[in-house]
Every structure is written in C-alpha cells, then in structure tokens.
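What follows is chain A paired twice: with chain B in the first complex and chain C in the second.
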Partner chain A sequence: MSPEHADRTRGSPHGAPGAEQEPRVGVYVCHCGHNIANTVAVDEVAEWAGGQAHVTVARDYKFMCSSLGQELIEQDIKERGLNRVVVAACSPHMHEKTFRNTCQRAGLNPFLFEMANIRELGSWATDDREAATQKAKAQVKGAVERAVLQRPLDPLYVDINPNTLVVGGGIAGLTAALELANAGYHVYLVERDSSIGGHMAKLDKTFPTLDCAACILTPKMVDAENHPNITLMTWSEVLSVHGYVGNFSVRVRKRARFINEELCTGCGTCVEKCPVRIIDQNFEVGLGYRKAVYRNFPQAIPKYPVIDPDNCTFFQRGKCRACEIVCPTDAIDFKQKDEIVDLEIGNIILATGYEQFDARTIPQYGYGRLANVFTSMEFERMVNAAGPTAGRVVLRDGVTAPKRVGIIHCVGSRDKKYHEYCSRACCMAALKFAHLVHERVPEAEVFNFYIDIRAAGKHYEEFYHRVLSEGAHLIRGRVAEVTDAARGPGEEGQLIIQVEDTLIGKQRRIPVDMVILMAGMEARKDARQVANLFGLGCDFEGWFTERHAKLDPVVTMTEGILIAGACQGPKAIPESVAQGSAAAARVAGMIGQRTMKMEPVRASIDADSCSGCRICNNLCPYHAIVYHEDRRVSEVLTALCQGCGACVAACPSAAISGAHFTRDQVMAQIEGILWDARQPEVLWLEPA
Partner chain B sequence: MRYGYYPGCSLERNASAYHTSLMAVAERLGVEFAEVDDWNCCGATEFIAVNRLRAYALASRNLALAADQARSTNGADPAQLVAPCSACFLNLSKVDRYLEDSPALAADVNAALAAGGLHYEAGSLRIRHLLDVIVNDVGYEQIAARVNSPLRGMRIAPYYGCLIVRPGFRERFDDPEYPTSLDKLMRVLGAQVVDFPLKTHCCGGHMTQISRDVALELIRRLLKNAADYQADMIVTLCPMCQLNLDAFQESVNEQFGTNYRIPILFFTQLMGLAFGLSPAAVGIGKEFIDARPALAKIGAAAEPAAPAPKRKPRRSDQGLPLPQMPEEEQP
Partner chain C sequence: MENHFQPIIVGFLCNWCSYRAADLAGTARIHYAPTMRPIRVMCTARVEPEFVLKALREGADGVLIAGCHPGECHYVEGNIKALRRFTLLKALLRQFGIEEARVQLVWAAASEGKQLAEAVDRMTEELRALGPLRWRETVLGEQPVARRMAEAEVGG
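Up next, the complex of A and B:
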C-alpha cells in the first residue's frame, strides 16, 4: 500500500540463487513411538526411499524430533554432504520449525527442508497397514521431488507496532489492558456498551469469597479510565481490520452518545428528569427500568450517560428536550454524529465474552410463562443492592418474600438438546444463590436441583460444604418440568418442581414459590461475524478457537490476534483474569522483540510476463498488489503479502509465482506422489 | 397437494367426527387425501407386545399398499402417507424405521408380504401426522386466509398427548417437551389459547381397560388442569385421547366427586367451525360431553363487536416486569 510498509522488511523473498550442485537428499522416517510405526511399515518405507533418485541416505528412527533424532540429521548433513532434508513424520504445524532449526544449525538453509505428514494424513486415518505404507511412500517421493527443486530463502523481518487493541471491556479485557498499560505500552480499549465492566458489573457477590463484585471491579475500571496509557472507547465497535501481525489498521466507529463529553459532568440530572421509562433489557436483563437517557449503573465508567434515540421522545416525535433544558452545562447535543476513528495497531486481544442461554428455549421450565420463574442473571440483579429491588429477594409482585426457593442447575448446559458442554460457573453461582437466599430471607427453604456439583477450584468445595451446613437441600436429578398444574390441595397456588431424585430413585414433586434457572453460557450471537472480521476460527458452538487447547490457550491461528476470557469458552472470573493477563504477557513479549521473523513465503510478479490485466489486484485479501499505470504491470508489496497464493492461482499469464510454492516445485511434488500411477499392476486407461 | 391417507379404525367408529371434519376442511383447503385401499389395523398399542414380527408385517402391509397406490397415481415425490391418529402415525413410522435400520428384518417382513403379492421398500414413504401436514405444508397463512368466523373468546386447552412428538423417529415436527404448533393453529383460528402445562401428559391410554383407578387419576389431572385455567374446551388430535377424556369424564366425576363438563373436540372440528361450516358438518353432537353450551360462546352467530382493548392497568411501582416473550406467543 505505502512505501513505508515496504521499508519494514529486510531480506528478499527469493533468497540467493545457489544450491546448483547435485542434489543430495536425506530421508528420515519417524516411528513417532507407536503412532506411525503401528500402521506404517516405517523400515520398509526408509529402505525403499534409499533406492530412489537423488536420495543419498534414508533412515527410520523412533522419535525424529528428539535431540538424538535431530543430531542424526545434523551429522548426516555434515558428514554425508546432504543439501536437502525430508522428514516423514507428523503435521508441519507440529515440527516443521524444529527441523528447519536443525538444518540451520548444521549450516543448511532451512527452506531446503521438506516435511511429509504420514501421521495425521496416514497412520491416524486408517488401520490398513498396506495402504498406509503405500501412501507414506507416495508422500515421501513427492517430498523428495519437491525438495530437489527448493531454493534457499531468507526470512523477512517486520517491525511490531507497540500499540495494542483490546476488544471488550469486561473483566478479561480490562485485566489485559491494565497489564499492558502498566508495562508501558499503549492500549486502545474498545467496548460496545456505554460502560466498561461487562457481566461482572451486574453481579452482587462473587463466589467463593463473597466479595462484593463492585468493590473489586470498580477500582480496576477507574484505573483503566485514568491510565495515561489507555485510550478508552466505549459505545464503540470495530468496523474493519486490515494488515497483519505488528501492523494492523483498525477502523472503529464511536457511536453518538448525544452528550458532549467535554462538557458533561456526569451529574445525572438529565437521567432524573427524563420522562421516558422503559424496561432495561440489557443491563437489568428485563427486571428493571431505565430512562431514554441513561447510565447502566451508578459507578459506570465513563460517567457520561447516553441517549437511546429509539426511545427518546425528541428523536421520535421532535419535542420534549427535557434533558437539554435541565442540563447545567449544556452538554446535551442532539446533533452529534457517529465518529470514525482509524488506529494503527500491532496486536489485538479479543475479550468479547459470552451471552446467557435464553431460558425461554426450554418452555417446560416455565420462564416467561410462570411469573415467579427467574433466570440466574435476573436473580443477580435482584440481590444487587443497586438493582431493581435494592437487594430484597421478592417474588414478581415486588413485595412478597419467597418461603421456598428452587434453584435448577444446568439449564441449557450438559444437555445434548441445547449445549452439550458444562458452563463451569453455574454450580458455584447456584450455591452462592442458596447462601444469599438464606442470608436475605432467613426463614426460607432452598432446594438445589443438580446433576453433579462441579466445585473444582480453590476454596470451592469448602464453600459447597458451607452452603450445605447452612441448610440448603441438595437434590440430585435433572428437573423434568416446573408447573403450576396442581394435583392436590398441597400444591395449589405453588410452582411444582417435578424431578427424579436419583439418590433415592423416586419421582418427587416439590412445591416452591420461586424458581431460579441457572441458565448457562453460550457464545455471542454475532461471534461468527466477529471471528470473520478479525480472521480467526470458531468451533461449532461459536467459541473462538485457540491455537492449542492446552499449551497455547490465548493465541489464535492468526498471528497477532489473541483471545481472553469467556469468548474462548465458559469461564468464571478467576480464569478470565488469568487469561487476560496471559494474553497481555504474550503481547508484551512480542512488543519487546520489536521485530518479528516471518516466513518468506511471498508472491512476486514477473514484470515481463505480466499483461496488466489486473485480475490479481482485487483478488488479494490483503490489498498487497499495486498497479503501475505507467508501466502497465502489477506488483506485489512484499511486506503486505501473506503468501496465501490466491493471485498465483488466478494469474492467466502465469506471471505470479509464490516463493517456496513455485509451479515447478508443486508439479514435481504431484509427479512424485503419483510415482506408482504407471506401474504395471495399475490399470491405465488410454484414450481411445 | 395430494397425500396418501390412512384413517385407522378409530376414524371409522368412535372418532368418525374427526374423519368427517377433516374431509370437510380438506376440501376447503384444496388438499386431497386419497385413502389407502384395503388397509388393515396398524397393530394399535398391544400387538407389538404379543408378537413383534407379526406386528411389523401387519403395519408393513399398509405401507406396501400405500406405496403401490402412490406409485400408480404418480403421487408426490417422495410419496407421503398421512395418519390422523397418533398411535397409527407412531406405529407406521416406527416400523418403517425399523425396516430401514435392519435389512434382515426387512427381508423377513417382505417374505411375509410376498404371500399377498406385496413388497415394501423401507424408507420409500414419508409418514406424517395430520397436524404436521396442516401446520407445515398447508401453513398458518393459508389457514388464516380461510377463517371467516373466528373463534373469538373461546378459551382452548391444546392437548397433544404423548405420541406425536415422542419418540419422534423421523418426522419430529415440534418440541418433544413443550410443543406449540397446535397452540399457534388455534390462535390463527381466533381462539384464546390457555397455558396447558399437561399438554403432553398421558391420557391413560388403554389403562382404562387394565387399571381403571390409574387411568381415572391421569384423566382427572388433565381435566383439573384445563378447569384451573378456565378452558372452555380441550382440543385434541388423537382419537384415544379424545375418547378417554370424553367418555370417562363422568366416571372421573363419580370417582372423585367432581363436576367437570369440559367438551373434548378434534382440532379439525374447530378449523371447520372457523371456516364457517355448520356444527353438523364437522360432526359436533357425537361427543359424550355436549359441546354446544361451550360453542354457544361463538355460535351466537352475530358476532358481538370485539370489546375495545382495555388500557393495561398501570403496574404498581413495586412490581417487577415480566420477561418479554416473542410476540406471537402473547395471547
């Protein structure tokens, strides 16, 4: 795009021509313990490979990736004069880097190495030993033929922009932003809602310590607002992302608040005087009201309210202006427009969180049909001192305290019909609710209906015992239904929970007057669009996919895009905080390196062959191809090219070639893989 | 639209009102139900317990006949067979699936069918319940367009029974725990649908013949629930459910000292009434518990002008708002 991008690279994508001497290929077939050797006759493959053209030495070995295995390669390079190396083992995702480094240590250019994946594509895919062995040979042959034509390449280096974008201002994003800001790097924190704080800001108490959620969250929110290294962008959304690791260009839309932030003092008079009162489906999850000009909660950061034009009388009918009249600093600005902001970013951390499962999806539990069935988030708001009932536990009539409360676990979770996974946090939250009911309505009886109690965490099991000793009844069994269909006098006017108590093996009907549904966590409705926007993957449920479930949980397959918190899968606060910090540490480490080594796999255009048709110009997803009007040829800007190969395939004049994936290399590999296609035992159909 | 039609034995006898009303409604909707020639018993709920292979062969004979008939009349592709009775629907679709899952069983059954010169290729028919066809193929919009005497003011408890959405081998067209397709259909006809939490609970089935006390208790629960919700009538889609709730209502009253008088009608009867057909044309009058007093609510011909919607009473300041439901679900 711009020459300054081009300046960030050193070295050439092609590398020096050379290696013109006779190819001497070493082939190494890995057993991978039993993983490969059980299905592929590794010794046979190695012996066969030894007899193939260009192959100087072929061996099989138990673990090629072990230091002994690598030393074997190094030794052969030095002593047998190898100038090409082929390892037939696992996926290049696992060990390509390992063996490239091996080659480099022995003085061989790392791009003269080729990997044949005979594990994921062979031994793991079949039990047929003969077929797997035959396929392994074909893969080895293809790799050898390709390696022979490979050319040495030098890596590219790009500078890392030290600014980081954090998307989502919940506890995970907030933690990541503060960690990076404290390390001295600048952070743009973009939040869709009008205030940061996320779901945690809605909670009253946190398990198992029963800390006041606001007391531990709001200091972090204030820190984020005042931190000189954090640019807070609430009521904002990311519109587009271009570029690559170290050099992203991000466009953000700041939605109009209709409040001039320079003038607003956050006094709240406008909120007080606004005549419109509507049910707040967002922060109060439908249990409370808000005005048309509103702030989510008293400690909202930033303190400026927003006007909701869909419900504001002025926007709908052109009159009212009550807020404008009462504002002491003239901060109301009905003419405010959305603002587009462009940011230059090195790394992006996504912490976009989760949504609560919609309890209406399970009509037999009665939410939406039976007034006194509440969702867990409704109950969180109810027990919150700043919530709609100021912390009183009451039935839907707003006055009566419940006498018997049923808490149903696993609503929408651990159920193949809805979500098969466990939402992790609800068991503990349900126990917390049992405690809070006892605390607020001491005479009330509480029944928890669970499948298993998942109290795996520091001090969690102790909290479970505490709640048991407080007198909560725990009944093991998945609830069949919640109904108001009374069978007899004892049930009239009550909500009856029908459940099989699996510990006594009996059906039970337990009358209660309040039911709390522990609705699980699910991926946000727009998770897939967000994933597409940032170029990362989602699993079937919509959770963002990490690079490795165990060893790389905060990095995605896209360099420079990291994930933290519940957008990756259900998580409680401690894990979200840990992931936020981990993502920040990874980014800080990257920024600390200042530059990053990148694969020199890049496309280039041979100007003499280019017809100037410009087909490639629009095809490039990275906007890396420019057209020179004067010379009528296109050119790839190496720094922007990501080596995807789209232009290479599309060029009608074959003028574009991808380094390390040249036409002759790919064709040679195909020829190699098909080595046995003309064997006598293979039926060869000649055209008539 | 053309379908193969398997009425089953009930629709010839105790549930003849179901058949009459269906035919009348189908004509209005332009749907053709071609009865399978020479059909036999589906096996009901008992025969499978007596001899499985024979029960499968018995049901398969109907499938073979229906498939042949569809082929010869160049029916829809794949040929579709509609059963209005829940038990027939379950038996036919269950056997079809068993035959498809087990080629050995299919071979045995076909050997039996061969004695009558028949053969059935498992899976060649799409077997559907009548309600599924009415709400999904005909569709609510088509039905709404034909409503000319809406059932305004009628409070209806929609009763699905246990067999049409469970186990739901193939044609599961509604939620197995809390189906709502009949609710929607009744709303389209202009009726007011009450929440009927027992909508998929058991009607007692053949327990009336085996263990009367158990059956009467099950029936009592359903009647009590409908009465608690002040339903004017219960609407069913299964001849067994209709029979149990209707014919044994007096027995329930005797046994429990209650005084229920809740008419039990088939949904097709109400469709007919809403389409402007006369009560006689849809078989009203064949039920044990007279439906006419309840129908007077709408039958008072000249429709009273709909009362002006009352302003919602202002909620006391302390009350908490109820969760919002999707719009169509609101009464």
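Up next, the complex of A and C:
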C-alpha cells in the first residue's frame, strides 16, 4: 500500500462531522435518454459500482435530473441512510446545482455530493462502447473515492453590486439597459462605435410591419441618453474584467473624440466645413461618404461628432484646423487623450452583435468585381431616406433606376463551404427588399432566388404572401454564378444569373441589371477575444455559448455574465429585443436578492502548521493572504479569497488547505480514477 | 504490426477554460481518444507536482494539465504559476527517466473544444509510441522476480 493510501485512510485531522461516520455512498448512473446509454453500458457500470467499497446503493435511471430521478436520490438518502451521493451523468456545469439541491432537500449537506461527467467527457466524445464504459467506471470510482473524503461546507454569501455593465449599444443592449434603468438600477452602456443604435440604425424599414426602423429606434436611443440611471460611454472599449459575480472591476477606455463634450452643442458646423471626404466603410458600408470629423447619421446619440485622426488633415500634416475655426463653442480639442475609466459592476450583459458575411468571399457572385452587385446592407442604406442616395433605388452610377432586380438568398449561410447555419433573418429581409423595389421602382421586375423560404414568425408568412401577390418572382434554386459574359441576344450589358430552377428541373439564365446578395450574419471577428476577455465560451462559429440552448438562453456558464441578441446567434430584431429584456430581468432578479450564494471553495491556513515562510503571500492575485508579524503566521481573508488554490499547492508545510479541493480528496480521486491501471502486484527486486 | 496499446492519461482540467473546452468538445460531438480520465481543479495552479507523480505511480502512462491561455486565467495568472511549477517538475521527471511527452501542459480556452480534443489525440499517439510507463522499472529501477498470487482486486 502506498504511503498516500495509508495517509488517506488515516483520516483528516480536521475531520468535520459526517467524515467520522462510516461512508455510505449512493451511486446513480444516468442514461440521459440515449445520450449516455447508447455509448456507455450504464447498467453494467451501476452493477459494478454496487460492488465497490463504501457504496451502499447503486442504480441506473433514464433521466436522473427528472423529478423522479431526484426523488430516487432523496428517498435513498432518507431510507438507506446515505451520507454521500455520486451522480454519473452530464457536466457538473449543467446539473451539479440540481443534485446539490436534491441532497439538501433530503437533509444532506450539498458538498457531500460529487458528479462524474460521463456524457460530455464520455459518451459524446467517442463511439467506442467498451472504452467509454471502462472510462465511465474509472470516473465513478474516482468520484466515489473523492466523495468519501468530502466534508460538509456552508455556502458563502457575497453582496451583489447593483450596477450593471451592458456592452454593445445595438437594439439588444439598448433594451437591456433601458429595462434595468427603468427598474431603478444603474447601467453603464459601453459602445465601441461613436453612436449607439447598432445595425438597426442603418435599416430603413423593418419586416413584416414595414415600420420605419429609425422611428422606433431613435426614441429608445434618446431615452437611453437622457435616462438618469444610464451612463452612456460611446467610442469606448472594455480593456479588462476582473472579479466575479456581484463584484466585477471593469476597466474601460474612452477613446479621444477630440471634441470637448462639455462645450459641443452638436450643431454640425464642423462636419459641414471639414474639407476631407472619404468613403464611409462603417456605417454606409462603402456606399456613401463621410468627413474626417463625422457623425454616423443625423440622429446619432450622443450628438457629438468624432475626429478620425487617420484621415484628418491636421493630424496628418499639422495644418487645416477648419473645424476649430468654425466651431462656435471652441469645442474642438486636438490635444484630447484617451481616458481610462474604472467601474465597479455586479453583472455584465454582452450584446456585441454580429458582422455581415463578406460577400467577396464568394467570387462567382461577383461582388466587388461587377459594379451592380450589391450586398443587402448596401441596399438597406440605399433605400434609407437618410442614406447616400436619399432612398432612391439606383444602380452604381447613382442615377439609373434598375429594371430587373435579382435577390440572391443564403449568401454565405446554409452553405457548408462558409456557414452551415441558417442566418434566420435574411429571407424576410429579402422579401422586404422585393416589396421596397416594387414600391420605389413600380415598373421594375424582382426575382428572388431561394433555397427555402424561412418565414417562421408572427405575420411573416402573411408578408410572404403579400410580396408574392405584389408580383415578385420566386425561383427555387441556389444561384451558381452571376456573370456579365453574354451568351446570346438580350444578355448584352446585363448581369446574368445562372441558376437551376429546381421546381421545373431546368437550368435558367436570368438577365437582370441589379443583384442584391443576402449576405448572412456571422460572429464578429474578435468574438473569441471578447469571449476570453469576459471569460465565457463561444462555439466554432464564434457565437457566444449560452448556459442551456433551450432553457437558459441568456445566461452563460460564467456567473454574472449574460448575453443578449445576435452575439449568441443570428437573430432578427424581435428576438434580440426579447433577449435584451430577458437578460435584464435575470440581472434585476439577481440584484433583488442583494446577496448571492457562492461556492465555499476557499483556502484556509492551519496556524499551527504555518512556518511563516510567506511564500504564499505573494502568490495570491487577490492579496487575500495577510501575514501576522507578531505570531509569525499567515492568514487567508476568506472574503477576498477566490479559491484558485495556487497557495495550497505552493505551501511547503502543507499548512494551507483548499476547501472541496483538499489534497486528500484529489489524491483519492487520482487513485480511484486509476483503479484498473496500477501495475499488477508482483514481487519486486530492488536494484543491486 | 498495429499498435493496440491504449494508454491512460490523467487530465487535470481547470474549471473555467479547459473543462469547458472538454464539455464543448462533447457537446459538439467531436470524437477523440477515450484515453483521458478527467479530474476537475479550479485552476491549474492548484495542481501540485505530487498530483502528477501520484498519477504516474498509480499507473497512468501520462498526465495532461490543461489551463486557460496565458493572460486569460480566471484567477489572473494561475496558469503562469502552473507553467513555472511545470518547468521545475519537468527537470525532475527527466532525472527519473520519464520521457517529456508523458507530462504535458496545454492551453485550451472554453471555446477551444477542438484544440483540447486534438491535444488528447496527439498525446495518445505519442504515448502509444512510447509504450506503457512501468513506474517500478523506469523510476525505481526495480525488476520483477516472481508474480505473487493475485490476491488484490486489481484489474477486477
């Protein structure tokens, strides 16, 4: 028997109540329907577990997390006198809380429960039934051995700071911020762009009601600006996030606008007089121009413009100062510096939105090569009365109205070469475009090229029929190519859309003079960095991962970090608004509790064993360890400790113990998880 | 001849990044070698060198420690502390004659299920090439003389 084993069975000197009793472990192996049972021989694992040391009862059950499954555990705790529970099922991040509550209901301290993750880390990761079963046994054994040494713990309570940070000022973030502010809580709304409003501010009409986007959005933007409970921070980015739920410290950089916000009245004279005109790749998606001092759009909130130093003549060549000269309030400040702001926050809602798929990625559709191929966002700007063409639908020359318009659906989405997912909002947007073309250019013909029409939403199907009745042609088939190479009469000078019409089973060449590419939504390029900054997960496509796809869509795996809107996946306005409200409600609920239960996973120092070496003092990132000069011992301040365990591992006298991750618990788990791996017992000859 | 040796790896996964990466790999149904037996720790900084040695002595053929990327640690820089400790441990393992590939430290963010799965696959292949660790012969330099009656439940 190894020395550790002897050590472990000797029991802990700090043995808590429950630890002295004879361990009686209940093991429950979950089928999770077929999710686990298809790959792991759950009945075999349960039967085997029943024969292991300390195990009083072992069962397998279809759904352990169901109320019947939980009752099974409660009943066994009460009737069979279990004092430890092990559930082999999904990830502890999924259901650890569920089963801890189960134990608590039956009068067992929740920290005497342990979970073996045989689904995410087992059955879902392999097809090899034999290996998966063996691995599941090892995980169960490890959990049992660990559970035997677990001690009852009492939860810690932390105060929840009532301030909330909302990142992203699009419609989702705006909604969340307003909901919370109206509930009486303070919100910091951080937006990277110079104005709030997000993508919705670029749109002209919204489907299916054809409401004017600006008419419904700008009042909300104004509300946010004037709300006493909202601190608006535009042209700003989050630099760092530290802390934990209820107590985040967030550092924000407010980029220099070079405009003194105290003095600026938003009159716009500087914008008017600025001699530099450059293509606006951001708000006007390359279709229009802006100045070097600019506002995204006339109703921008806040109303202060920004100076773009990369294009400003003064910043580049030290001359000009036209804006400074014309400003009636002397608000131009070329010396302005970025400002660093530190915020204390209780909860964070991320509503960072999406980016549009770059249509250039698909060369056969000709975007960027064929002048009259437009992206859907370009068309949005074109039909917008406040846009670069003042709402006129025209070709790239800026004057000619199109006679035939082709709208290609699913560009970059529903395509295994780019994004496999459906981008969800584009079918309806494409139908809206068909309607708008008919409205603005009544004599024009519109062709929609679709794979399937996805019109699942309130009044969506009705809108589809409306557009059909207006005379839009719908052709079912994925477009192969958009070309300007004419093959016959009637094709010269036109863009030809080559498509297989799958309803009649024929190849067709349809000449048009304008093409609109319905480029799908994709995750922001920096989504992964943002996810890492805030400590949440994102999937391969870059969408942020919710705690549960169906039942917990706005909360992430990281406590206190919530998500809303298209940063979680493609979404139209109504769903984004719903998520913004949902996230706000969750945060309000959290603030309402005032305190929150925290894992009592904390370090503590046994003063008798501490030699006062002070190695741990500098290791703690939270300065939670203090040294008492008089007694020459260190002490952990529980309120500051976050339970990482760095000090526990470093203590040369083993005087520090980390609750719920004690050395003996981990050692026991290692032994358990390797129950079948130890070298066979043989007689060994020592080396000569 | 095809190598059928299936190594056993003990994986110390940090709660915030790598455990979630492993969860994600499962959720995304990424299949990888079923060789890694996971132990969840709050942070890689909690992993004592003794844990690694214990796992090797108990029969593991390798130990994988997986944490957040540098700069992304949930506990500011626990992963850097783990890296420092790991560097010292490697020097010790070398003296024991334990090959470098047997104990590895990797970074996997919560979104990097694929990377974690690949790390397990890669390590499994490397260990397959090295063969079983055989702690007693390799580290203690002992030789088996006779098999005792298998009274223990080992392998049961």
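Some observations on this one:
Here is the rule we use: the second predicted complex is superposed on the first by the 484 of 688 C-alpha atoms of A that agree within 3 Å, B and C clash if a C-alpha of one lies under 4 Å from a C-alpha of the other, contacts with A are read in each partner's own complex, and residues count from 1 in each chain.
As a working rule, contacts are C-beta pairs under 8 Å (C-beta built on N, C-alpha and C of every residue); 3 or more make two chains touch, one makes a residue touch a chain.
It should be emphasised that the depicted structure is a prediction, and the values quoted were computed from it without experimental measurement.
When the two structures are aligned on the shared chain, A:Ala132 is found in touch with chain C, with no touch to chain B.
Looking at the superposed arrangement, the partner reaching more residues of chain A, out of chain B and chain C, is C. Touch criterion not met for A:Lys597: it reaches neither chain B nor chain C.
In the superposition on chain A, contact is made by A:Leu287 with chain B only, not with chain C.
Shared-chain residue A:Ala486: touches chain B; no touch with chain C. Within the superposed three-chain model, A:Gly368 lies in touch with chain B and out of touch with chain C [touch as defined at top]. In the superposition on chain A, contact is made by A:Asn532 with chain C only, not with chain B. Residue contacts after overlaying the shared chain place A:Gln669 against chain C, while chain B stays out of touching range. Chain contact summary for the complex, chain A toward chain C: residues 2, 4, 91-93, 117, 119-122, 124-128, 131-132, 134-135, 138-139, 142, 242, 528, 531-533, 535-540, 542, 545, 557-558, 601, 619, 621-622, 642-646, 648-650, 658, 661, 663, 666-667, 669-671, 673-674, 676-687.
Note for the complex: chain B touches chain A at residues 175, 177-178, 180, 195, 197-198, 221, 224-225, 228, 316-326, 329. In the complex of the two chains, the chain C residues touching chain A come out as 6, 8, 10, 16, 19-20, 22-35, 37-43, 45-48, 50-51, 54-55, 57-60, 69, 72, 74-78, 81, 85, 109-111, 113-114, 117, 134-136, 140-148, 150-152, 154-156. Only residues 279, 281, 286-289, 360, 362-364, 366-369, 371, 375, 378, 382, 388-389, 394, 396-399, 481, 483-487 of chain A touch chain B when the two sit together in their complex.
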